[in-house]
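Each structure below appears as structure tokens.
Each of the next two complexes has chain A plus one more chain, namely chain B in the first and chain C in the second.
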Partner chain A sequence: MLGHSPSISVLIADDNMTDRMLLSSIVRRQGHHVLQAGNGEEAVKVFEQMRPHIVLLDVMMPVMDGFEAARRIKALAGEALVPVIFLTSMSEDEALVRCLEAGGDDFLPKPYNQIILAAKIHAMERMRRLQATVLKQRDELARHHGHLLNEQRVAKAVFDQVAHSGCLGAHNIRYLQSPYALFNGDLLLATSAPGGDLHILLGDFTGHGLPAAVGAMPLADVFYGMTAKGYGLAETLREMNAKLKRILPPDMFCCAALISVSVNRRVVEVWNGGMPDGYLLRQSGERLPIPSRALPLGILSPERFEPTTQFYSVEEGDRIFLLSDGVIETTNHDETLFGVERLEAVLDRNQDRDRLFEDIREALQGFHGESRDDVSMVQVKVVDTASLPPVALALDRGQPTPTDWSVNFEFRAQTLKRYNPLPFLLQLLQEVQGLKAQSGDLYTVLTELYSNALEHGVLALDSSLKRDAAGFAQYYQWREERLRQLEEGYVKVGLTVQPEGRSGGRLVITVEDSGAGFDVASTLARVNEGVAYSGRGMKLVKALSHGVSWSDDGRSARVEFAWGAEA
Partner chain B sequence: MSAVTASPSEDGRKLTIHIDGRFDFACHQAFRDAYEKPPRPKDGFVIDLGKTTYLDSSALGMLLLLRDYAGGDNAKIRLENASSDVRKILAISNFTQLFDI
Partner chain C sequence: MTLAHLDLAVLAALHDIMGEDYPMLVRTYLEDSQARLTRLLEAQDPKTLRDSAHSFKGSSSNMGAAGLARLCCELEHLPLAAPQAEVCALREQINSEFIQVRAAFLTVLATDAL
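For the complex of A and B:
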């Protein structure tokens, strides 16, 4: 015996009153509520008003036949399933097929068999409920999805406030990123350091959605905060790693490539932890890979994380190109990866670097025919700093400022090994209101003097090494080795600030090192003739500050910065 | 479909986990069960990647979870029989510094 269907309302349309009454009483006896109609038109009208759950339609009726009525009722029902069962004495296959084609769900031959009728109503009711449930769940899903998209939009707007405090819009940066890359775990940040160096980070969090986006926030904060204070890549990386290690669960981490482009010094510094090879694309056509040499961020404990960066010399017009794994991991229909070889073939073929992204996208489309939403690319062109927007200055908040003081620091070997004193010194000088307008130049000069004292003085590195690419790499390798082995030596920094006139003043910086010194006169002569590869630093210092001088056989450098009453 | 199976060594001191097919997020629960359910092996874990066709970043995350479970910096985990494709992925992320491969 069939289980009883719960009571539903059933519309019965038949022009033959006897048949209609007979069927009605059977259906009523089975516990359902019955509505009646004498032809198709009436049936449509009753359906419109009463919305019965199931409709039983005689095929041949005056005014409007069952086929037409079925079509109209189905149209009125819309997405909801209203099962239509045709009542027919026809038995030719063709007629039965027409019933189904007209939108009927089943048919019931006359004379009626009560058990079959009950079974069909039961089955149709089950289908109707299933369809209703699916629709309800679909609508719920659509509502949730709408909520989610809205939340992502809001989260993205908040994040953009953080992320776009940087300089991704600078004219020498080109990038390509899906608008929702953040929720794929992709992250792209760029900002200027106080001396005008450009720092860029392309990151890729494991995982998708909210967890990835949540990790991006503190990472961006550290990146912008530390870069603005004048910290270098190594310190910034250490801080980012420590922060991510602390806040992320063990299975989450962030692959990242971080670069610093120094136009003044014509140097690019890079670090790659877990990202695909980036590339240095030289104006000359030469292509150097920037491979991943480190574990991603957020895996190693702070004690074990020791970032080692690589340095490359660059010229104006050279470019650095970074990309996410979405590019090389794009697959075609046979599950073949796009891969590094195909990417490098595009890099070789590409004539116009400004069209590089387009060429890569075309190659990806040609390979696959379907674009992924997690493809991120960025390229930075080495250009003159003067063409870049000025670094934003801190506003004068009207705080009293120290005007007459001097300090002396001595940084000894154990400190020089790991600690970068420049952000600290800059922070101190930022207190002097009159110097704020020059803080970029100030930072550049301080950086040059400090690295000269450390590298040429304390570490006794010969800058003529940097003549060619091989020597350049050698220079930085020795720099690292000698720093690691450093046992003695010092760099002394003296700062003196004195007022001049009503609101003007003067800063004198002295930097002294424990090295062997150098022949100041002949080095300066070579710099002026433009023959020395290494003279860039000295030239820069001369151009950016007042009254540079060296004493004590080059072991001590002295520069001045002055500001007037209106500065 | 991928399959994750765990087989302890005869003396029970080592646990070998085999991953056949794609090692990705779909294996998450199976991989976790494979190392959490058997008793903790004294001599560490071996991950047999001989029949692993592909490995993604969530698999790297799962390996880190296992590393955490097995004692973090003191964990003894060997990755064996990795194909050149799988090895490449491990090399890009420099997981060679964390695991014996």
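For the complex of A and C:
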């Protein structure tokens, strides 16, 4: 016994009354509802009005034959599947082919076999229901897709607000990024630290779509927040890693390259965790790779994450170039990768660094690569800070401010090893309303004095080492080593704020170290003659503050800042 | 005993399908066929002739008149170049066969009514 089809409506069109009557009885007996038509034209009319599920059409009919009727019924059905079974006593293959070409789905030969007819109706009805399900699911999918796209649009709008609070628009930064890079997990952020250092992050989250985008916001928050407070790369990296480790699911992480460009100190500090090689492109044409030496963010637990950064000396006009793996992984028709060699060839060929992005794009096009929207590149040129726009200042909110106080800190060996007190000290000084306008200079001076105290004083590093590239690398290597081995020593920082006049004030900073000191007089003389790199810090401190002096054989420095009634 | 011009097995199946509408089906066929036969006999052009033969073949085969259906099939597939004599001969055979078929059906109806 054949599986019983659910009851459907069947249109039977045949000009032969006998055949029509017989077929109708057969179909009715199988439990279905029957509609009848005597010719092709009638069949189309009945179909249009009643929309039967299946149509049985005789081929040879007057007024309009079965083929034409089938074509019109199929057209009326549109996307829905209306199975058409031709009734025919033709046996020639050619005739049967015509049936299929007219859109017929099957034939039923005469004399009618009711078992075969039942089987065919059963099969056709299954197909019809399948098609209906497919269409319904397609429409549902389209609706969901529409919702998803909308959600992504909103997410992107929110993120753009976050991302654009940075300074990617600075004139010494050039970048290339697809507007929907966010949903490929690509992240590009840039902002200034209080001392004028420029921090840039190029990141690549695993995954696609909203999951990839969602980690970007907390990361950006940490990056901007900590940089603004004056934290260095290491502290910012620790915080970003801890945050991502905490909030991302176990199989998600973020490859990242983070750089800090300090024009004042002519130093670039870099960290690369999982991104392709970045490049330091010197004016001379020399190309230095900045390879990945660490695991991406969000993998190691905070206890095991120890960010080690590399330092490179830079001159005005040098550039740092970072890129995401979209460039290298661009493939052509033969599934060949564009690859690192081709990229480096472009870098070597390129004459005008301002045209670097164009050269790379041309190379990618010439490679017949499929264009991707996860190609992100950024280029930073080392320029004089004076040419950069000033950092935005906090407005006077009329909060109470401490105008008359002093504090002394002593940071000893164990603290010096692990802790950077500068952001904290700056925060403290930020409480003083009158000093806010000079935050940048304050931070620069504090950093300079503290670094000198720590590196030249406590760690006894000779700053003249930094004269050339080899010495430079050596200097930072020794710095890391000696800091790790440090057992004794201290840096003392004293801050005194006193009011002057009605709304003015004066800040005195003293920094003292446990080192051997230095010959202040001769160093100052060298500085005034414009010789020797080592004196650069002193020149800067002099320029930015209200007055500086050294005592105790160079072990103690004293700097003054002042603000007047107009503050 | 098989009636020479009708397939009893087919008739039984028809009876089964149609139930009490069986006599109406037979009567419809006989009326329909009369008109169809007339068209076939009077057809002037080859297309009308072929189409009529085709159609008559269809309903006849459904009704179990196998012999009649076969003759119609022969007429339908006669080549265009066939001599007129052949056409006339076949038409004659179809006519006679139908008379037999009709008689057989009327007998069947009569016995059923009993």
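Just so it is clear, the second predicted complex is superposed on the first by the 497 of 567 C-alpha atoms of A that agree within 3 Å, B and C clash if a C-alpha of one lies under 4 Å from a C-alpha of the other, contacts with A are read in each partner's own complex, and residues count from 1 in each chain.
One rule holds for everything that comes next: contacts are C-beta pairs under 8 Å (C-beta built on N, C-alpha and C of every residue); 3 or more make two chains touch, one makes a residue touch a chain.
Everything numeric here is computed off the predicted structure, so don't read it as measured data.
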item	value
First, second, both or neither for A:Gln114, with chain B first and chain C second	second
Touched partner set for A:Pro276, first chain B, second chain C, both or neither	first
Chain B versus chain C as contact partner of A:Ile299, first or second or both or neither	first
Partner chain(s) touched by A:Asp404 [first = chain B, second = chain C, both, neither]	neither
First, second, both or neither for A:Phe253, with chain B first and chain C second	first
Contacts of A:Thr206 with chain B and chain C, given as first, second, both or neither	first
Touched partner set for A:Glu341, first chain B, second chain C, both or neither	neither
Touched partner set for A:Met21, first chain B, second chain C, both or neither	second
Touching both chain B and chain C, residues of chain A	none
Residue ranges of chain B in contact with chain A within the complex	57-58, 60-62, 64-65, 67-68, 73, 92-95, 97-98
Chain B-touching residues of chain A, taken from the complex the two chains share	204, 206-207, 250-253, 255, 273-276, 292-296, 299, 301, 304
Residues of chain C that touch chain A when the two form their complex	10, 13-14, 17-19, 21, 24-25, 28-29, 32-33, 51, 54-55, 57-59, 61-64
Complex contact set, residues of chain A against chain C	15-19, 21-22, 25-26, 29, 60, 89-90, 110-112, 114
